[in-house]
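Below is one structure. I have some questions about it.
Which chain is which? They are A, B and C, in the order written, and residues in each are numbered from 1.
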Amino acid sequence: MSAADVRRAIVRISHEIIERNHGVEGLAIVGLQRGGTWIAEAIAKQINEIETSVTVPLGALDVSLHRDDIGMRPVSLGAISSIPFDLSGATVVLVDDVLYTGRTVRAAMEGLNNYGRPRAVQLAVLVDRGHRELPIRPDFVGKNLPTHRDDDVSVTVNGVTIGGSQ
Amino acid sequence: MKHLRSIDELGKDGLVKLLQLTDHMAEINQRPVPKVPALRGRTVASLFFEDSTRTRLSFETAAKRLSADTMSFNVSTSSVNKGESLRDTVATITDMGVDAFVVRHKSVGIPWQISQWTSASIINAGDGAHQHPTQALVDCYTIREATHTQSFDGMQITIVGDIKHSRVARSNIQAFSMLGAEITLVAPPTLLPPDVSHWPVQTTHDLDGVIPTSDVLYMLRLQSERMSQGHVPTLREYSEQYGLTQKRVMRLKPSAFVMHPGPMNRGVEMQIDPSDVKNSLIHRQVANGVSVRMAVLFELLGSGSSLGGQA
Amino acid sequence: MSKSIVIKGGTVINPDGDARADVRIERGQIVEVATSLSGEIQIDASGCVVTSGFVDLHAHLREPGKEEAETIETGSRAGALGGYTALVAMPNTDPPQDSVAVIDFVREQGKRAGLVDVIPSGCITLARKGETLAPMAELAKAGVRLFTDDGTGVQDASLMRRALEYARGLGVTLAQHCEVAELTKGAVMNECQCCTDLGLPGWPSIAEELMVFRDIELVRITGASMHFLHLSTRRSVELVRAAKRDGLPITAEVTPHHLALTEELLSSYNPVYKVNPPLRSADDIRALTAGILDGTIDAIATDHAPHPRRDKEMSLDMAPPGMLGLETALGVVLAQGSFELRNVVALMSWNPARIAGVTKTHGRPIAPGEPANICVFDPDLRWNVDPERLASKSMNTPYVGHSLRGRVRHTIFKGTPTVIDGQAQK
């Protein structure tokens, strides 16, 4: 994916989120630390430009302390959770860059419960690279990208690249 | 990092990283449900040979918020066991399957001795007048939070009182100076250690002289037995010269902070109600205790040696 | 016993000179010192020093009372392995050595073990409490030449004065453990920067020096002879040097550990390094060494202080002070590299025999007609201590990991080998 492809995917996902939820009432966007936060910001900005009636609240969630594979993935210092709004009764759209095994999303759903009980949780990812280990399916996908397990997928505002194993 | 026994052992990098990790823990503590599964399946035993409800509760709360199991061996001071049974106690608890011991003891060096008898991690919650590293972490975190600065460069921290018998002072002097603060110790000569010429500190016996230039005024507790030991003639005289009075509070810089590790000796080192001190951080010190100890437990038991990397 | 023994190929060190010579022993006596001797039993001493057996002025043998830590037999064996043929047994036993019954018991246990001469010292005050004098005349009659309350100094200056006056009348020597107790309450280690860091109560030098000074002045007015135990500070050496210059009847000892180890070791939190007086600074070591070289210090004494493992597994403040010394003394002293061999023999044999009042049988020259109390040591052998293999019942040696130089190869006590090739013979 090129930078333009990424931009277009974000615009499309933003439209899809509004369409699926019949507007933005009760909607909240939460990006996962660290890779998902800039995408969540971009989506929130896009949604707020489309639907100016309400400002959609934006949060960030650090799932490292909720992981089932603690010790394998370090805590990313400084990438702290920030959910400055009540998400009880809200429809929370979790945003991440890459969906892979599904373990990060599982941890995120558990982490969200610390802040309240959302009415619904949806999942938006820029890239779905497959190889799921848990029964998790994205609601909004930028691009399905078949990969090998040992591929290294990099997502930035400049595009998406697949590298060999490191 | 296997143990946290002294600030020295932690080092500056470890100190800075633990303070950063504490930010994560502080956020957890603000959640409506302040509990994460990070240490599920780990067991933390607190082994307190000296009374300290505050520190013990702080550690146990920290462990529980990380979902660790806790065991508590509260050895009353009246039945403080001799070292010989200490080894047996430690071995027995280790056999039950313990991942960390939180140890407080009146004797210097016990955490180091215990670590020879167990494979578990040791966290020093105070050994004699030697070290109390988690208190220093709490104090550094509290100052960092209050001043919104990561580095203490150029900050004037004044520590007042019974330096000689204070593990809090020893840990804090190391920690504050690692972060760049300039430290002044204020005490009568009898309450200073015999030789501090190698410490990164200035010393003075005149509190009033340093009040106007202090950014942080750190008051230490004075125990009343120091009188019978001839360290001070009377508590009144000590209080007069080294206690925090309304008058002295007035002479502090408007931006200066007052701290105290607790428990306070009202009417001795604190001649003023701390709630009357505008910039008191004393409540923040208590509040931050749990977050700091969560960071310590997580670093020792949860993250292996992976702290500090990028996800 | 009746077989003749020849120690072959060594260098004999005597007060009047050194010589390459063999030594023939028969019936407990040296009968011939010459080259190319032969006998029924030959003991190889090539490359070794042959000299009179060592005399320790300061051994805690713990019997009676704390046989868990050491017995007179195990302590004697440790002594023999360290080249000793006589040990002065310190009186802080339980019951203490303040009665003829206990003195006789200790001496008899020494004879039963038969590895060294065990020379009981007597208490200065009853039960070492510092309150009333022990029956010094009775004890002197029972053979006690050295009196001490070791472990504590006699705090009461008036009582110490009386003790010295009384001792002068008996012609015995008082040995003082110099420590003003009020200055060392709760103390664990030398008062220094390291103790500042550790937050431990300091053990100031002045606690020792004040009593050294006081007792020198008491000797000056009483004329009694006085031995200073385990001096550890620069100023103590200076005070003794000046007193000797004044011609006072004073002698002094230092321990191997105060010559080899320093205060910083306590920062390992290992109670094996806790000792009374405490390990001091490198500067104190320099002063003690200078004191030895100029004759201010007369003797090296071990202050061998066994403690069972569980006692040394206590915290620094709770653990009892003291470390093993008998088996390592020579190796520690020679590893310092500061002293001539002849000097070391004087410090470990000739002088302490004089101070202990046993010059008839110990600290004698290697010469025909002399009692065969002999130490043969290899002055250059490097070795390491294995605490598991010490003869002492306890393991509290501070020298694990240290390279020692010089090791006792054979010890002959009253004509019988107690140690051959580093192995105790019984």
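In this section, a contact is a pair of C-beta atoms (placed from the backbone, for glycine too) under 8 Å apart; a residue touches a chain by one contact, two chains touch by 3 or more.
Quick caveat, the model's predicted, so the values are computed rather than measured.
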Hey, which chain is the most central one here, using CA centres? B
Need the most distant chain from chain B, centre defined as the mean of C-alpha atoms. C
Using the average of all C-alpha atoms in each chain as its centre, how far is it in Å between chain A and chain C? 78
For chain B and chain C, what's the span in angstrom between their mean Cα positions? 46
Rounded to the nearest Å, the gap between Cα centres of chain A and chain B is 40
For chain B, write out the residues touching at least two other chains, lowest number first. none
For chain A, jot down the residues that touch at least 2 other chains. none
Provide the list of chain C residues touching at least two other chains, using ranges where the numbers run on. none
Note which residues of chain C are touching chain B in the complex, please. 188, 191-193, 195-200, 202, 204, 268-270, 310-311, 313-319
Which residues, counting only chain B, touch chain A once they are in their complex? 17, 20-21, 23-24, 27-28, 31-38, 66, 298, 302-304, 306-311
Sort out for me which residues of chain B touch chain C in the complex. 82-84, 86-87, 105-110, 112-113, 128-131, 164-167, 170, 193-199
Where on chain A does chain B make contact in their complex? 33-35, 62, 64-66, 70-82, 110-111, 113-116
